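Can you keep this structure in mind? I'll have questions shortly.
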Amino acid sequence: MTVSVQEADFNVGDETSRLTDGNTDIGAVVTFTGLVRGGTDTNPAATMTLEHYPGMTETELERIEAEAHDRWPLAATRIVHRVGPLQPGENIVLVIAASRHRQAAFEAAAFLMDYLKTKAPFWKKETDNAGQGAWVDARESDNIATDRWQNPSKTRR
Amino acid sequence: MTVSVQEADFNVGDETSRLTDGNTDIGAVVTFTGLVRGGTDTNPAATMTLEHYPGMTETELERIEAEAHDRWPLAATRIVHRVGPLQPGENIVLVIAASRHRQAAFEAAAFLMDYLKTKAPFWKKETDNAGQGAWVDARESDNIATDRWQNPSKTRR
Amino acid sequence: MTGTVKLMYFAWVREKVGMSSEDAQLPETAKTVADVMAWLKTRGPEFQAAFENDTVIRTAIDQTHAQHDATILNAREIAFFPPVTGG
Amino acid sequence: MTGTVKLMYFAWVREKVGMSSEDAQLPETAKTVADVMAWLKTRGPEFQAAFENDTVIRTAIDQTHAQHDATILNAREIAFFPPVTGG
């Protein structure tokens, strides 16, 4: 099971060990951890609540993961995404890409995050200390980041 | 202390927590872990021994780290490099870059690794099961990877 | 039971329509996702508000991303949601 | 004690010269790193072997990377080593 959608926290060390232990073909492991940032003084974010589309989320994450394995020579990958209420400083998402060499691991981890951000059905709602909630807007920069992987000549091995 | 050269192993989870705990300005953490790969059937690598230049190593790693902070808006970085004899599957190096956003964290981690590979005074010697030792050759691909950061217009924020 | 499809709503679409899912009997004239959204808008002010600016709404058919002009032939589940913001 | 400098050798350079460091009295004619390597080669077969193909050897002056044409004026420590292979 390389994709998990869960309320529980994760530990990047434990998740990494689980992928690499006993596999001496792995020379490079890149992890990405996304965390809830605190707000600014004028706009403090007290809680971030993650909603998702059960069923589709897992299917979509597995599809993204399979595409990464098609594009790069990866020994292992892992995606963990938390749902439910999360406080500033808490982990949201973990992506791991393991390969023989570092370039494939770096590129695949960035690819997984870019695709996850624009394809996986999660939605963030920020609730400030006054109890006022606001859905987070999608960022155009995330679409641009995903589009850069569309040119096969630049990204496929 | 953000640079360590040590014989002891490291834990990517503990090292990440140490950087992020209590800092709610961090939204993205990228880690790179380099591991000793096992050899092929015809050329098994039994032990990898890491030699370095005490004093210069730490100075050079701190210089590389400072350059990353000049180039990207980073909340924190960390470099751990092991020395001495290491077996296949063991950790060699850990690089962590933490930032508000993922692009800076990804780019800075890749930059740190590229520069470390070509500038930090470490040397690897492989000893096979027959006790035959051979110094690992530098890879031209590592120089090419480092050169890509030389064009300021493409890499500086 | 042909003609019955499960409709799913997420995030602010869910909040505006006031429910997370329903089993609906679509009109026979609805052939695409866009047709379904046009029909939903006729179902009351909460639906009109949710689908007012329907170009921003993303859709999925049977848990796969779909364009607004995608056919709903044989669809069992159609979902409506804002652009995703995970990660 | 002017004129005395610490020479450091690493990896296969160290193995070939048979020592990791030494305090050396350099000839007054040695002005650059290249001059030092030329002089080292005259010190015996082990040095000749180590510095035979000296274009591949990397050098540092006082723990900072230096080119072969760098001046050794005021240098306290000069190091000789193969291209680095850490990471």
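Here the chain labels run A, B, C and D in written order, and each chain numbers its own residues starting at 1.
The rule we apply is simple: contacts are C-beta pairs under 8 Å (C-beta built on N, C-alpha and C of every residue); 3 or more make two chains touch, one makes a residue touch a chain.
Bear in mind that the values here come from a model prediction, so they are computed numbers and not experimental data.
Participant: Which chains, if any, touch chain A and chain C both?
Facilitator: Shared contacts of chain A and chain C: no chain.
Participant: Which chains lie in contact with each of chain A and chain D?
Facilitator: B
Participant: Between chain A and chain B, what's the gap in Å when you average each chain's C-alpha atoms?
Facilitator: It comes to 22 Å between the two C-alpha centres.
Participant: With chain centres taken as the means of their Cα atoms, state the distance from chain B to chain D in Å.
Facilitator: Averaging C-alpha atoms per chain gives centres 27 Å apart.
Participant: Between chain B and chain C, what is the gap in Å from one C-alpha centre to the other?
Facilitator: 48
Participant: Report, in whole Å, the distance between the mean C-alpha point of chain C and the mean C-alpha point of chain D.
Facilitator: Inter-chain centre distance comes to 74 Å.
Participant: If you look at chain C, which of its residues touch at least two other chains?
Facilitator: Within chain C, no residue contacts more than one other chain.
Participant: Please output the residue numbers of chain A that touch at least 2 other chains, ranges allowed.
Facilitator: 34, 113
Participant: For this structure, enumerate the chain pairs that meet the touch criterion.
Facilitator: By the stated definition, chains touch in these pairs: A-B, A-C, B-D.
Participant: Going by the contact rule set out above, which residues of chain A touch chain C in the complex?
Facilitator: Contacts found on chain A: 34, 50-53, 55-56, 59-60, 81, 92-93, 113, 116-125, 135-138, 142.
Participant: Where on chain A is chain B touching in the complex?
Facilitator: It is residues 11-14, 16, 20-38, 88-89, 100, 102-103, 105-106, 109-110, 113, 145 of chain A that touch chain B.
Participant: Which bits of chain D are touching chain B when the two form their complex?
Facilitator: Residues in contact with chain B: 8, 10-12, 60, 63-65, 79, 81-87.
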